[in-house]
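There are two complexes below, and they share subunit A, which is joined by subunit B in the first and by subunit C in the second.
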Partner chain A sequence: MAIKTRRFYSARKSCSCSMPGVWRAVAYMDGAVVVFHSPRACAHVARTMDINSQYRTLSENEREQWGSVPLLSSQMQEKDAIFGGVARLEKCLRFAIETYKPKCLMIANSCVAGVIGDDVESVAREVEEKYDVPILTVECCGFLGAEYYDGYFEITQKLLERFVKPCAKQKDSVLLLGDNGGPWGHYAKEVTRILQEFGVEVIGQFPGYMAMDELEKVAAAEYAVVLGGRGQTHIGLRKVAEQLQEKYGTHYLADIYPVGWQETQDWVISIGRMLGREALAQQVLKLEQQRLNEQLQHFLPVTEGKKTVLCIGRILRYFHPGNILQTIRLLRLNLTGIILLDSYDGDEREAMLQVVQENSDVPVHTTAEGEELVAQADIVLTTHELQNKEARQIFLPMLPQVAVAGEVKMMQGIYQSLCSRLKGGVRYV
Partner chain B sequence: MSEKQGWGNICERVDTCALTGAGAFFAAIDKSEVLINGPLWCYFYALRHLEKARPDMYTRFYGSQPDNNAVIYGSEEYVTQELQRMLEDGHKPSVLLLESSCSLSLIGDDLAGMARKLQLPFPVVTLDSGGMVGGFAEGYAKAAKKLFAQLLPQTAMAKPLAVNILGQSEFYLQGAADTQEIKRLLQLAGYEVLCTPGCECTLEELQRLPEASLNIVTNAELGLPLAEYLHKKYGTPYVFAGLPYGVQGTLRWLQQIDAQLPAPAMDKVTAEAQAQDNYLLSRNNEAIALWGSMWFDNVLVSAPATQALCLAQTLRTEWTDIGRLTVICQQLKDEPACDTAEAIYTVGVDDAAISEYFKTCDNVLLLTSSSESSVLYRRKQCSFDACNICYPTNDEVFITKQPMVGLQGSAYMLERLWNCFIRRKKNKV
Partner chain C sequence: MKKIAIYGKGGIGKSTTTSNLSAAFSEEGLKVCQIGCDPKNDSTRLLLGRICSQTVLDMVRDNDEVAAEDIVHTGYNGIKCVEAGGPEPGVGCAGRGIIVALEKLRSLEVLTDEDLIMYDVLGDVVCGGFAVPIREGYATDIYIVSSGELMSLYAANNIAKGVKRFAMRGGVRLGGIIGNGRNTPNEQQLLQEFAKRLHTQLIAFIPRDVIVNKAENNRQTVLQYAPESTQAGVYRKLAHDIWHNENMAIPTPMSFEELEKLVAEYGN
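Up next, the complex of A and B:
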């Protein structure tokens, strides 16, 4: 019988909305105010994301060091579909300026505004001229031909063009590019820790986490490090880094996503190369290897030889199996099979199959063949939650934690799951 | 309400989308299914909200996932494809809600026509929904009235002592438990409860709605539009009773209903109330003997309007002493009187005052959602404790189904308040 996954769907077209991307790009930039030209509910969705992100930070025993900026909605209603929503938007912009005295306003357009064809650009220009407050607009409208990252990068681009100015370089300074939960998130903290071992200082995280007043300083950084990822977000951040290099001579590191031990090693070596401190990189690596080994010695007595199944349903753009396969090898787990879930369209299954086979000689199965394999496994590592109460599952996240701390956390999740006397259950690492 | 006053920061409000509200009304109908004709993003956020009360909601909640071409060429292809998949998979829901998100609503697709073409072997209710309609309550009411118009009998004979409870949702925090307690109390008083729309009901029960002699409205934002519709269509009288918090509050609540439709067994409720009162008094005295009288310097109650006002009224008259009580109503409606609060604010009307409250409050007990806690976490230097009474509830886990209303609910709420009081005392040491 085939294994089944919980809350399973395959994303056919656009999966996300560009408005939260706009919001997130400036969410913690003191002096900014975001206006959604949308029904009020769209802003509530962004607020839901905001609350979830805040409590996730708290769950990691961290606390945001400062709060998010005001988020307003023009509160479009059914009548606006007939008469247009620009008058409503103009009132909302005026209110935002008079109430919050922002240094900059950002407008995100909803799909509704896109369908009715509101000329947001003209309203923004008029209000900007009248109040002398910069207003940034974007072309993307909600989910229409755009995704989350389209909103994020369009506004990032405009911030760069409008507010970043050439200035003297600050010696041994680094600018982090990207989000990943901000300066208090796992990624930025781990990268900052390693960069400190190289004797360089992080002077900001762009976009999203620098005050509007600080933006001029973006060009002061000697180096930029992209908080990488996969897919479009990474491509966009790389473009930002390229621009910083071209315009301000900022050296950057972009192409390595330090998930798993191999990538972490490559990342540290590349940082050393970028900073011209290759010898120091070897010392840093040694320390990191030591940290990893200490933890491995603790995990191996439990993990070695345990029957493990890997279930993959995510497309290659968002999930490369190489990292988790390496973790499996480091923990000396006994990988008995890999199951490709029924979520792939067209060539995506073939692409994943090819990469899996390049990285492992373990047999690959379909969901139809998978039930017995899962039933016999001590642990299942999976990109999709399975509808199986008996299986001990480790949910492989879309944004895995990075470097040695991230690798140890993944290993710890597997170790704790194998130690658990509870039957089944899902562990989110 | 002036336009200027209504724009306030979304981060200080709580709501979801009409798409979610409409889905929630139908999701509460036994064996119903919902198909969202809208982007995956809107579908997913609605689903995540509904999963709070029904973790298996994904098994009967689907999305058509149209792309941006659908707003030009129509979404028929996507809707038909999903409906055909349902047919092929052998789905036979008691009723299907087919609703469009806001942008898809604007293009005027004939959803009913699409369903008719496929000759679906089950009833289908179609709706243009989404954020343009409003928030959760507006979507809930619009969906309910559409179903009433389509699937209720044209006429009916009123049965003596038969009542409906209008204004409940199992997708409000502890909504199902609250509804069961209200139903239990009414049945104890000798009424026959025909139906509880929005909460654990069947289509057959909904079709008996017009047989009631009296409709009892609890949450105004959900129930009043339904009561008004049923009054207009069938002449059924209604009473806006609000929510029965506390022992005396429950008796007062029941007396309002008794005044409209005399209860044959009021004495049974009075006897149970007396017994509960005695029990709570003894438990209260025991707690006072050890911890001193319960006292909170400041309390904020923020929730959907009826809930906020009814709870605030009981809070100060039955459960605890308070220095200053502030109430924030999340909707503007005709509400029950509340004379116990120092300040009552309404979002969209008193946004500046609400903002000021969040900036200055301290040493406060929050009877709110995690959204308000989130605002105060960010403020830092603000001492507060949270006792969530509505969604979202990120900083508290709810597993047991306990009513907050009625005689049973009065014990649960008193227990939670005492535990907050004790926790605050311990934290001061």
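Up next, the complex of A and C:
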């Protein structure tokens, strides 16, 4: 019998809403107010996203340091869908200005506003002129021809055009670009820590985590580091970094998403190169190596020689097996087999197979062949939760944590799972 | 209760034809209600002698509670007149407006004792909202007003496509083409052939007559303005034929190329 996964994953194009993208891009920018030109219920998308974000933060034993800015909905109703919703939007904008005295308003459009063709731009210009408050609009409307990232990057672009001006550079300053859990998230904290070892200061995280009054600092930064990821996020953030370089001469680092020890080393060296401090980069690397080794000495007595199976079902765009294979080597796990799950189409499977074989000489199996291997394994590292309740599983996250701290966390998850007396179950790292 | 919807290209004479038909039906002693499904609110002008200022959607917009007497007006010969209403040009969504207006009428149960309901629907079936009179069973008998002009026939053919779509899953049928003369060459013959290709009939050909314009300028139907005129007789005969029409068909629309060829054959 073949291995079965708990969830079905489809490789079809995603369908998301652009409004929470607008919200997330400015949600913690003090002085901003966001208006959803939408039915009231659409605001719940943003609320759900915020709650999830808070859960993630709490799970890291952290707490969000900043409160989010006001989010209002124009509360479109059936009548507005028939007669047009611009009057309601205008009323909402006036309320927002009179109540919150914002430094800037951002309007995100819902699908309804897009379908009926509400002229949001005209209303925004009229209200802006009357109250002398900048109002940023976007062209995207809900999920109509747009996705989350369209909203996020369109409003980011407007912020750059409207508020960022040339100014004197601040020596040894770095701007973080992107979100990835916010400034209290693992990624930003790890980047900030390493940059401090280089003697440079993080002066802000754009967009989303700088007050409206601080936006001038965006051009003051000498350097920018993209809190990268994969796919659309990375492409969009890279474009922002390119613009900052072209307009304000800000050097940037965007090439490396430092997951795993090898990429962390490359990343530290690249930071040193960007800052012109290559020698210092070697010293930083030594310290990081030392941190990793100290932890490894603790893990190895448990992990060494343990029979391990790696199950991969994600496409290459979202999962590169090189990092986890390296972690397996560092922990001296005994990798007995790699299983490519059945969620691939032909081309995607071939692409993954090629990369797996470039990174490992361990035999690769299909799900039909893999069940016995899983049954005999001490631990299964997998991109998809398996239905097998007896298998001790580590779920490999979509967004793995970065640098040495991220690597140690992954190792710790494996270590703790192997220490546990319970054999089955899934551990989320 | 007979439920009829009149469709056709914008400006082709749907409202004029519908109002004269309503007037003719009412003269036969039938209880008639005419519902204008067009945000311009001008369907019932000839029956009311004015533009209806209290449309269903006006009432819905301004009041949470709407009563039947707020939206059902009485026109010529006791004909009940309702205008769905809708947004100003260039804003909102008129199609959604039609849906909401018809749902409101249905929920108020104001048209339960009529013999005949006439739906006068805006232009082409441009979106789902304007298909609602056909789709949701409000009307079962569809008539398309058309002249012999190519674009009028093109619109009629498109409407036939909509009728066909909904006829396949319900009781809606095409009752025929109502020819509204524009004095194009061989117009009646062309319309007859067009109807035949659509697997329906040319149920009437209304010749162009200045009396229609005069009646309209006086905010009246021809039957009210010139009851003894030949044109009034044409409308009365059409009403009679519609009432007794048993030739209800699922249309077979043409391709645009076929339509162009047909029009060219008749010298247009």
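The rule we apply is simple: the second predicted complex is superposed on the first by the 423 of 429 C-alpha atoms of A that agree within 3 Å, B and C clash if a C-alpha of one lies under 4 Å from a C-alpha of the other, contacts with A are read in each partner's own complex, and residues count from 1 in each chain.
Note that contacts are C-beta pairs under 8 Å (C-beta built on N, C-alpha and C of every residue); 3 or more make two chains touch, one makes a residue touch a chain.
The structure displayed is predicted, hence computed values, not measured ones.
By the touch definition at the top of the document, which applies to A:42: first (subunit B), second (subunit C), both, or neither?
The answer is first: A:42 touches subunit B but not subunit C.
Mind working out whether A:4 is in touch with subunit B, subunit C, both or neither, as first, second, both or neither?
Neither partner.
Figure out whether A:81 sits in contact with subunit B (first) or subunit C (second), or with both, or with neither.
both
Under the stated touch criterion, name the partner, subunit B or subunit C, that contacts more residues in subunit A.
Comparing touch counts on subunit A for subunit B and subunit C gives B.
Which partner chains sit in contact with A:114 here, subunit B, subunit C, both or neither? Use first/second/both/neither.
first
Tell me the contact category for A:291 with respect to subunit B and subunit C: first, second, both or neither.
Neither partner.
Touching A:427 in the superposition: subunit B (first), subunit C (second), both, neither?
Neither: A:427 stays clear of subunit B and subunit C.
Going by the contact rule set out at the top, does A:68 touch subunit B (first), subunit C (second), both, or neither?
first
If you lay the two complexes on top of each other, which residues of subunit A touch subunit B in one and subunit C in the other?
Touching subunit B and subunit C on subunit A: residues 78, 80-81, 115-116.
If we count contacts the way the header does, which residues on subunit A are in touch with subunit B in the complex?
6-9, 11-17, 38-48, 50-52, 54-55, 58, 63-64, 66-68, 70-73, 75-78, 80-81, 88, 91-92, 95-96, 99, 110-112, 114-116, 142-145
What does subunit A use to touch subunit C in their complex?
Against subunit C, subunit A makes touches at 78-86, 115-119.
What residues of subunit B sit close enough to touch subunit A in their complex?
3-4, 6-11, 13-19, 39-42, 45, 47, 58, 63, 65-68, 71, 102-103, 106-107, 130-135, 352, 370-371, 374, 377-380, 392, 394-395
Once bound in the complex, which stretches of subunit C touch subunit A?
57, 60-61, 86-88, 91-94, 96-97, 100
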